[in-house]
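Paired with subunit B in one complex and with subunit C in the other, subunit A is shared by the two complexes that follow.
Here is the complex of A and B:
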């Protein structure tokens, strides 16, 4: 089981928990504003962009080439950006806080 | 007596050779030539660079074939560049996300169920005119939040809003749509309701109330953008499953793959081949000079088969977990109706998987686009099939 917090663009904190699927699916299921996940998680739409803290980014890992290419053309990209459809919900992310990019 | 046709589920990659050799193609279009960008990364970069590759050119010019000769109204937000574009999207996005509501989905399911039931009753039927067109038209009443009886008018227009049998661009036919929208706007002014026309007439974008012309621009886009594309996606999916019924059975057995399957079908079919932009300055793509005030196209169909990005790009693979296709465009101008289109396809494919045991194709007339040096199968003019229920 992982419990995580999303901070939306309007600075609302949304705490959610889950034990499987992708982080995008978890956010969408809990109505986190700014996480649309239009493509359902196949890395086609970039509507699930989040920022991690530097420490959490190290723990979760860097995006692969396809995800990097998607992020590269997002106006709000930073070095700690990820698409949360590509992050699995697991104990590895328990306790993390993510900031929604859009 | 009828005979079964074969090979209809194949949608060859028309651009492979040119994409590998130069990354660019060329076509003429009413004496306004188009440099076609073919590789996925190049298409995405150009789509994102809206300062150099603009959408806000003369109305109709970024469409291929160009609609400059038959349209003066600017389609909104499609033919508007940032930052004004963002103001229109901010207004329109919540309305076009309504397909995610459970109530919307329940009403869509009723339309899909009725369409499939009618198909079972017929000995055989044309998927294009008797299945996809009615389904697309009825579903559009949900997107517009208008009464279902409006759909019959749109069905009666036929499969193409601008095309007739004789011409790719038919001004008289386009005027039927434009005059209809003018009339609906006047009706909404006289008797406001909760339909899209009325909502837009009472809305603001970029700090200004929308004008009648701007409302018309949104409505033309909504009608035209989602017509051939949705019809192609529905028809092509049925063609695919007619020769790959085990894939449909797999979705019934493993509904958790539904989303991946639909995204893969959309990638493979690329229901809209390309969309244009106009260069605002001299520039280059793939070392190919692009002069200011000339057109380029973002060739979604080619990009979606780019072997540098997709493994086995010409195979339909429902296990493709990462699928960065751009069938709904990319960046600022990604498709406003994508949520609606995806919802139709997800619910339709799942319903077919639940209910249909066999699809037999009887007769097919493929729709081949002639694009300069390329010929691309984009869908069907007609596709006669029979459904066998479970």
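Here is the complex of A and C:
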């Protein structure tokens, strides 16, 4: 079980919890604004962009080649950017706070 | 919800949306996000909670239990005050009285209407196709368009002893399904009418790559085949071609294209010509009736011609454009078409439209990792990338921003693809 918080572009904090699936699915199931997931979670659309804190980024891990290339589609990309369709919901991310990029 | 810059009367106005797939659902939520306060009714004849369609032929088919991936959870509709009416078919639009009629002859009034009816699978009139049934008389030929199609296909696959499937049509739906069937241990034959698969939508280079890929994975890929009939013996079906060849099947998947769901629009005397004609803000020939997604045809300012797109991207982008205009009278920049397909361990990403190219540059980065750059003289029209998102992203930036691509860099594999070098004049 993981409990996480999304901070949207308009600074709304949305606390959600889940135990499986991708972080994108969890966010869109809870209607987090700015997480569209238009491609259904196959790393093809870059509409589920989030920022992690440097510590959380280290813990979650770096994006693979396709994901980091896809992140370049977004002008707002930083070194702590991830596409949350590529992050699994697990205890590993419990307690983390993510900022939604768009 | 931001309530600034509302259209003054939106509170009293009612929007009815026909079709709750990628286009209709995104439109409804976008309209709310734009601050629309009026009633939003979203209708669809499909009883299933609106779901992502592209995974049907991929993830959905391959997962143990066929479960759809919802576009939004039920609660989101309630929270956004979107009246989602599933299993409701619209049978008529009266544009003068602004009323739609449902199957049960109930009427629904609208101030603004959105037609997001998409398209349906085309089932060709092949002799014997409709007799493709199992011992209980259950149909054993399928399209791959809806959640119930995926459920039925999965059931047919589980029930078949030899797991022999014939796919009619070597388009994206057929090929993605082939890849899923192979993953599920089926014996797959793909029968294509043209000399090459995907010949209508891509170049020989991409067609050849996918042909080799599917053959290497064990698909019996048959091209230039004219199917004459389907014969049946003991619950086994035989697809027979004009050259005498014959392919056995436990069940048949049809992927030969679509029919646009434009009948409602035609009957309502909206302008329909190879799609429901819409302007830059997705209005039809009637200013209070909008249309979005696969069923529309629009004049694309990037490619300077009328185009019809069957894609999630187009449905989602048109939904945004129409919602912004309806709620706030805002217009948006023209959207660039993009597509993707996942087959086996390969991700194909396409940006732009290649039609009209006179030069292709292929960059092979590594085995199974390459990109095709389609030019008309110096204008980049399209990039197709296989397991190489970098090329897809650079291509997107080049086309969107109208940047000139340095072909020498592109042609020189010793220079890694990167923004500054590639976009120098």
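Assume the second predicted complex is superposed on the first by the 102 of 102 C-alpha atoms of A that agree within 3 Å, B and C clash if a C-alpha of one lies under 4 Å from a C-alpha of the other, contacts with A are read in each partner's own complex, and residues count from 1 in each chain.
The rule is simple: a residue touches a chain if its C-beta (ideal position, glycine included) is under 8 Å from a C-beta of that chain, and two chains touch if they have at least 3 such contacts.
Quick caveat, the model's predicted, so the values are computed rather than measured.
The superposed arrangement places subunit B and subunit C in clashing positions on subunit A. Of the two partner chains, subunit B and subunit C are each touched by A:66.
In the superposition on chain A, contact is made by A:25 with subunit C only, not with subunit B.
Of the two partner chains, both subunit B and subunit C are touched by A:44.
When the two structures are aligned on the shared chain, A:33 is found in touch with subunit C, with no touch to subunit B.
Looking at the superposition, the partner that touches the larger set of subunit A residues, subunit B or subunit C, turns out to be C. Contacts of subunit A with subunit B, set against its contacts with subunit C after fitting on chain A, overlap at residues 36, 38-45, 66-67, 69-70, 73. Across the complex, subunit A meets subunit C through its residues 25, 28-31, 33, 36, 38-45, 65-67, 69-70, 72-73. Looking at the complex, you find that subunit A touches subunit B at residues 36, 38-45, 64, 66-67, 69-70, 73, 86.
Those residues of subunit B that touch subunit A in the shared complex are 41, 44-45, 48, 97, 259-260, 262-263, 309, 320-326, 328, 330-331, 334, 338-339, 342.
Partner subunit A is touched in their complex by these residues of subunit C: 22, 33, 52, 54-55, 58-59, 69-70, 72-73, 75-76, 79-80, 312-313, 316, 340, 342, 347, 349, 387-390, 392-393, 396-397.
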